[in-house]
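In what follows, subunit A forms one complex with subunit B and a second complex with subunit C.
Let's look at the complex of A and B:
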């Protein structure tokens, strides 16, 4: 994740605290998911950006997970994500997310 | 995880679901989207 994005996320966490803050991911590539999830939980895996060594410990879910989808207005979901849901590999995303949370000890 | 009333960072991706689309969805779920961005993973 780029240093600018890390800096913005850090500023948000500093401003609002981490108690009721959640990160919802949208990446489709399992490797991209891993990097994004790691960055907002244990810190920047590349040790290059502002979140290097910063464990925000934020909960991470994905917009393509059924637990998230079921909370969204179906009309909005269909309009915003519907087509992407058909073209992206949702199974791979869900598997990657389960694996990430398991590795994170949740 | 219940998202209603939670503060959310929508961390989208250019080759996946963009941050704006995630933010729209979560707003309809009653979440408070405090930050949204679309990363480009290379």
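Let's look at the complex of A and C:
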């Protein structure tokens, strides 16, 4: 996760607190997901961005998970995510997310 | 006295940014940056990260001479007792840069250590570098830096590390004379018996995973051949019908070229995730040069162009998949009567 995204997430967490905050991930690759999830939970593993050493402990979900999809206006979802949903291996993403949350102790 | 450590980082790990700033020239900073802070805490009171050199991956690889000179100057100015480069994980250009930093440090007589994924091409750049194994991504940062610190301390103390399999670094292809408890014949028979029984055994001569590929013989008369186009640059028909991945792809695809004189931005796109692909999307011929090859065909410089091309995303692929894809593409071309292939650099 790039420094810019980390800085935005940190700013949101600083402003609104972490209690009612969830991070919706969009990365397609299981390895990138692992890094992104770790960044917003235990801190940036690359130690490259503003979340280095900052443990926000935020819950993570993925935009391609059915529980997230059903909360979005279908028209907006189709416009913004439709092509990605067709192109990406959604099963692999969902499996990776379950594994990540399990490892995170949730 | 504390150990003076100099640390090399690319633009991403220094927190500057990604591909858009990969052309940043080398710049040194006092003290640690980014993962250097973790390195500093692992070193504890016995060591200090005195300086960090940050250089863009594109700059390091495309302006090699200047980058290498800057590394040497930085090391002379800083005078470290240990150089740490990376970890570079599976990042190819960063791995190559880290290997060069280790080489330059070696030439100046300064111990150096890096961390690379075993398939990182940096291992071929300077095989003698001391590199501890790292995972593919920064998720393994802490483990990699811990291993770096352990091996780095040994090197900085002037102790010759034991063999790779004992110390845990990646093999450097160096064999030294030494004593074993049993003669070679006994060890060989024990290995053979273990193998026949299906039990685990450890070879003493591992086969290098990177095998050399013999170049194909030259084409006798290019003006008479059927030429096939192959690209690892992930140029696909608009909409990416086979869902070719941006990275870590295991497959390849083939698409028709018949009756096309060039590739247009309306009909084709680049889905490669390893470089800034906007320019390739605007003009896909820059990666798959159909326009230029058609011109050569009209001039009679080549016989004819095959009416399809073969394509994959050459980004962060496993070596085993690359080798299999290569064999499959070669046989598909052969079946189609193609006599020579143009594999365009990405």
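As a convention for this text, the second predicted complex is superposed on the first by the 106 of 106 C-alpha atoms of A that agree within 3 Å, B and C clash if a C-alpha of one lies under 4 Å from a C-alpha of the other, contacts with A are read in each partner's own complex, and residues count from 1 in each chain.
Note that in this section a residue touches a chain if its C-beta (ideal position, glycine included) is under 8 Å from a C-beta of that chain, and two chains touch if they have at least 3 such contacts.
Bear in mind that the values here come from a model prediction, so they are computed numbers and not experimental data.
Looking at the shared chain after the overlay, A:29 reaches both subunit B and subunit C.
Once the two complexes are overlaid on the shared chain, A:45 sits against subunit C while remaining clear of subunit B. In the superposition on chain A, A:64 makes contact with subunit B only, while subunit C stays out of contact range.
When the two complexes are superposed, the chain touching more residues of subunit A, out of subunit B and subunit C, is B.
In the superposition on chain A, A:53 makes contact with subunit C only, while subunit B stays out of contact range.
Of the two partner chains placed by the overlay, subunit B and subunit C both lie in contact with A:88. Once the two complexes are laid over each other on the shared chain, residue contacts for A:3 go to subunit C alone; subunit B is not touched. When both complexes are aligned on chain A by C-alpha atoms, subunit A residues 2, 28-29, 31-32, 35, 88 touch subunit B in the first and subunit C in the second.
Residues 2-4, 28-29, 31-32, 34-35, 38, 44-49, 52-53, 83, 86-89 of subunit A touch subunit C in their complex.
Those residues of subunit B that touch subunit A in the shared complex are 1-13, 15-19, 21-22, 24-26, 28-31, 34-35, 37-39, 41. Only residues 1-2, 5, 8-9, 12, 16, 20-29, 31-32, 35-36, 40, 58-59, 61, 63-64, 67-68, 71-73, 76-77, 79-81, 84, 88 of subunit A touch subunit B when the two sit together in their complex.
Against subunit A, in their complex, subunit C makes its touches with residues 12-18, 34-38, 136-142, 239-240, 243, 245-248.
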